[in-house]
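The same chain A turns up in both complexes below, where it pairs with chain B and then with chain C.
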Partner chain A sequence: MDFLRPASWEEALAAKAEHPTAVPIAGGTDVMVEINFDHRRPEYLLDLNRVAELREWAVGEETVRLGASVPYTTIMEELRTELPGLALASHTVASPQIRNRGGVGGNLGTASPAGDAHPALLAADCEVEVESVRGSRLIPIDEFYTGVKRNALAEDELIKSVHIKKAAGPQQYSKVGTRNAMVIAVCAFGIALHPDTRTVRTGIGSAAPTPIRAKAAEEFLNAALEEGGFWDSKKIITPSIAKQFAELASGAANPIDDVRGTANYRRHAVGIMARRTLGWTWESYRGNGRSTEGVA
Partner chain B sequence: MAGTKTTTGAPTEVTQKHNKGGIGESTLRPDGTLKVTGEFAYSSDMWHEDMLWGQTLRSTVAHAEIVSIDTVEALKTPGVYAVLTYDDLPAEMKNYGLEIQDTPVLAHGKVRHHGEPVALVAADHPETARRAAAKIVVEYKELPVITDEASATAPDAVLVHEGRTDEYIEHVPHPNIVHNQPIIRGNAEEAAKKADFIVKGEYTFGMQDQAFLGPESGLAVPAEDGGVDLYVATQWLHSDLGQIAPVLGLPEEKVRMTLSGVGGAFGGREDISMQIHACLLALRTGKPVKIVYNRFESFFGHVHRHPAKLYYEHGATKDGKLTHMKCRIVLDGGAYASASPAVVGNASSLSVGPYVIDDVDIEAIALYSNNPPCGAMRGFGAVQACFAYEAQMDKLADKVGMDRVEFRQLNAMSQGTLLPTGQPVDSPAPVAEILRRVKARPMPPERQWESSEGADVRALPGGLSNTTHGEGVVRGVGYAVGIKNVGFSEGFDDYSTAKVRMEVINGEPVATVHTAMAEVGQGGITVHAQIARTELGVQQVTINPADTQVGSAGSTSASRQTYVTGGAVKNSCELVREKVLEIGRRKFGSYHPAWATAELLLEGGKVVTDGGETLADLAELLEGETVEVEAEWRHRPTVAFDKKTGQGNGHVQYSFAAHRAVVEVDTELGLVKVIELATAQDVGKALNPLSVVGQIQGGTTQGLGVAVMEEIIVDPKTAKVRNPSFTDYLIPTILDTPTIPVDVLELADPNAPYGLRGMGEAPTLSSTPAVLAAIRNATGLELNRTPVRPEHLTGT
Partner chain C sequence: MRVNFTVNGRQQEADDVWEGESLLYVLRERMGLPGSKNACEQGECGSCTVRLDGVPVCSCLVAAGQVQDREVVTVEGLADYAKHREDSHPGGACGSVCGGTSLQEARQWQARPADRVTDGQTGEGGELSPIQQAFIDAGAVQCGFCTPGLLVAADELLERNASPSDADIREALSGNLCRCTGYEKILDAVRLAAARQEETV
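Up next is the complex of A and B:
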């Protein structure tokens, strides 16, 4: 296995162009696990740790430009206001040591349905900035995940950053694991209220071949909130709306039975998380955030 | 030659100059700081100049004939020094095993479980060894897999081991049963007629892994005399030695073993793993060979806790008195026997629990199957039984209409109670008292997750995964109590050996203790120095590395090491003391009549009378003298259980612990947070109270693990392990570990050194059923299986 160590982004793009099979590695959260398990032995590892700009982030007018290697710890500590859903998801990633090294670039590169960041990114809405020696482009998150552990990257492209919409309203994130910390997801759910566009977006993890949005649930909820005038009145959402939202979210899941959980449990749990996180975000929107947001 | 070159990471002697504590004091571990700062040398850290790396090729299927093995391409790989298969084994003996030599060093003709060693490679780099092993082509012809009792004993069942000649084959009902132990006492059938209530239950216990953090590893260095020096992390050097030497075709004195840094054991190092393989490669290549398993391989490299099916029937009168018990315990021993026969003995003889039941009909068996081999793990057969009988106690108490703790107390054994084997419990058995103590503790506050800033998710089920802020959360409380035997039972010659030396160094009397005891984290290294200080009145004690240059210490298991090797150290110290006093009498006897008349003690570096008068300085007395004693020490003998009735004084001593579990369950998501696991345990005498509490908290946590998360999942269709990693085999993190208030009782056992009671395993017994009882209490579900998974709690 050859270890390529580009000193700059340009060198990294050149190396990837020369060796399209090279596997990029930054924090190693996913890649090291796969190597340890002998799931793959790439011919080349492309170490991105010397590329400083990948660890930079900037808060703009509309979006946060989050470098692919910005560690989860930084997201939790510095970007909680702008990216509350992703900050909550970051809390659930592995251990403090791994959160100090891993960033969303790795999750996106691996595109495993179990990646913790995906539901939060889907709910918040974002575009993935990718680049190659041929040029750069922005891939909308809805078009990014193309199959089981597959994404829309061309073989010479690297992930540079994610342009995530700044939170205009409350966001939440829940993940079920069979341990209370440091656990891979059995399934996960993200939700973001977008009062500026009067829409709600969602993300589901580990309950389908790829990370997905619960689109039917979103459409139902968007319509129900609009028709009921909830965005203006900030009324309590009726239990029947919450229930149907949860059922539709559950129905969006397309899970499998595996060693971590049964398909039936995953469908069930997605529904429970959808109902609860909708309740928490809506209560926050109504101004009762302190009692519902959760602290750690 | 190899021996003259540098080895690093090998163990050295540990001198404890500044620790002052004798027995009963919380002396700190000499290796504690090194371990928490990452400086301690574990067996995997060893290095030798010119060493090679060994790699094991393991079977990819569970049960198959080996049609062919092609090693040509592997041997051609540059950097490869040797590739070995069964055909390369040098001696007539090609098997090993703790009790039955049924385990091939390398598979021969057949593989019997997923991950069985088939071939070995030595190369100059671990990656080269790994790649070469991958080039070995093994052709398998798969056989049907035996995975449970039904498939093991079916009329047309394939035999896992054909042509058995071991001592158990004579009495087992089927060759796919390793051993069975019935215990019949009284007349359960008749006694059942007196019962007003009868409860029957069927319970399932999942396969738990020891999950020690330091994977199997060691270094074998060939020596000039044709022998080998082996540095390895193990639990019992001499047991390994007795299995290694015959397969190498060497006399035992040519295999010199030294214990290297052990990263946890819990029973999983009682069997051979890489020891023989490393020696074979070292002797073949003439070079030092190191083998280190990674975590994936470690799951295949050691035996696990027996999964079990347990069928129980209990009866009680309307006053709450137990009338009878019938049970059948089916343990799955997997492909090789390991410690299965002894686990059967424990499971059967302790199947009643710490209760008085005169009429019992018991049978425990262990299967041969194509599942992973199972053997020793903390609690050793008593754990599975406790899970089942404690569930039964709750059900019976409810039927009778009594408080669950009072019901247990009413039926609790006490000193003098007869075990189902007819053996009297002849030392304190404070079962009712430890239950009283855990019940009397104040409850942890309700809704403890609430803070002024909102719900603290760390205190809720789901933890940082942020699944609930209180929704769906219900509290439950459960109790359990258990009994564990201490030491090796059933007539085993369970001795230990200690060599103790006393001399003067730099004007100060010092003691040196040398045993073959494996320090696996239990704290023997601390306790031996405390005993030497107490018995010999010195401050400075040196503990020599454990090796085979001294007699056997027996296993670091069965809660026995403080009792047995501690007893041996105490005994050797007493013999040294006698010799020291003889020297004193010879040198100074004429100066003071007390030398001849008084009871003399060694205290504070002096010889003193029991009245406190100083007769001599030890430094002066020992000037020019070295006193050294190596002696074996034994506890009271035991006898085998009768093969048909199970009667016999088979056990040495007992250990009792009780737990109260307080849990909070997210009943909608099926997630559990254990809030508190209060425990009370009699330890006879706490030689090191801090270590005792550490052992109790660790054992409690290991019991919690198998209650809510720890399980090796084996595919019933293929007998292949599905989760050999710490990604999917989960053990509790600190966030899963509750507050564990510990109440230590010290009721002396008059038969044991200092009155102590082996105590490392008992907390692992009652912790699991207490947590299960609490979850049942919160959910109202029956939950006859452990570990509990979210789908069991949500009906999905």
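Up next is the complex of A and C:
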């Protein structure tokens, strides 16, 4: 095994181009587990800790450019206003020690359906900035996940940052697990209201081969909200609409039975989380906001 | 490969390090510092918690090569680290500018020094950080395996939050498992250390 320690982003891209099999390591919270248990013995480890710009973020006019290695702790502490859904999701990641090391780039690189950040990223809407010596490109999040633990990266590309739409309305995140800390999701649900475009976006985690959006549920809800004039009147969402939204969200899930839960349980739980998080965000939109504190 | 880094305030060098090795392995097997415990090796238990450039991390998930030119504080250096924080950098962390703890001292560290007759239960006379003394006084140590990680995590909490609420303490220690389930006494110990810290300010 070789340990590659690029001092800059350009050096990192050059190293990845020269050794496409090199495994990038930043927080190490996925990669080191695999190495410790001898599940993986990469030929090259590509350490990204010395690349400073990966730990930087910038709040722009419409988006937040979040460096791939910005730790979850920083997202929780610094970006709660701009990225409330992702901040909530970040708070559910493992433990303080893990949140001090791990970042969104790792979740995206690993592309596990259980990654905590995915539902929040899908709901908020974002583009993943990836780069290689050949150039850089922005991959819409909807096209990023291509299979179980597979993503749209070419073998010489590295994830640089994520351009996430700044919240224009309330966002929520819900995760089912056996405990509050250090738990992998049985399933998770993210929702974001986008009053600027009068749309609602969602994200489902751990209930399909990849993180997914509940598109039929979104389309139904967007039409129902428009038709009923809800965005302007800010009236309470009719229970039948919330129920239908929950059923469609549940239907979007395509889960499996495993040690953490059964497929039936996951489908059921996704529906419940969809209904609850819609209620929380909509109440917030109406001005009776429960804050984003402690509801994850 | 060779890794140069600062351990407990002193510059150290580890040789013949395997590229896939963890910081935890380097500390325990190459530096002779077994204070950081090796349990789950997957970041679940927090027994290997150390400070990396001041930040609490699971040393089992840090690749050895990633600590090149960086600063690590282990439980063996905690007393010195806490002392210097109070003496010269109140409320803040100190790096290599502190005197630090040599490997020799660190390896020989014990709560009850051999050359002094002390009460083994109280740890009197030993070089202890306030959080270590509080753990002893509150009876927060059972089998002791989780204790080093908890000490490092709890010390860091009290460094940035002088009067933590119970929720703050639970949150800060949520990454540290105690299989003896002695959590109540551990919470007592952190409350005790916080109260003593307030008294001295």
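Note that in this section the second predicted complex is superposed on the first by the 289 of 296 C-alpha atoms of A that agree within 3 Å, B and C clash if a C-alpha of one lies under 4 Å from a C-alpha of the other, contacts with A are read in each partner's own complex, and residues count from 1 in each chain.
Rule of thumb we're sticking to: contacts are C-beta pairs under 8 Å (C-beta built on N, C-alpha and C of every residue); 3 or more make two chains touch, one makes a residue touch a chain.
Small disclaimer: the values here were computed from a predicted structure and weren't measured.
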Partner chain(s) touched by A:Arg65 [first = chain B, second = chain C, both, neither]: neither
Partner chain in contact with A:Ala181 - chain B first, chain C second, else both or neither: both
Partner chain(s) touched by A:Gly261 [first = chain B, second = chain C, both, neither]: first
Contacts of A:Leu45 with chain B and chain C, given as first, second, both or neither: second
Which superposed partner A:Asn36 touches (first chain B, second chain C, both, neither): both
Chain B or chain C, by number of chain A residues touched: B
Touching partner for A:Asn100 - first (chain B), second (chain C), both, neither: second
Partner chain in contact with A:Trp280 - chain B first, chain C second, else both or neither: first
Which superposed partner A:Thr92 touches (first chain B, second chain C, both, neither): first
Doubly contacted chain A residues - partners chain C and chain B: 33, 36-37, 180-182
Touching residues (chain side chain A, partner chain B) in the complex: 33, 36-38, 88, 91-92, 172-184, 186, 259-262, 264-265, 267-269, 272-273, 276, 279-280, 290-296
Of all residues in chain C, those that touch chain A in their complex: 1, 18-20, 22, 41-44, 46, 49, 55-58, 60-63, 65-66, 68, 153, 171-172, 174-177
Interface residues, chain A side, partner chain C - complex: 1-3, 5, 25, 27-29, 31-33, 35-37, 41-42, 45, 47, 49, 94-98, 100-101, 180-182
For the chain B and chain A complex, residues of the former touching the latter: 294-296, 451, 453-458, 461-469, 471-472, 668-671, 673, 708-709, 713, 722-723, 725, 727-728, 730, 732-736, 789-791, 794, 796
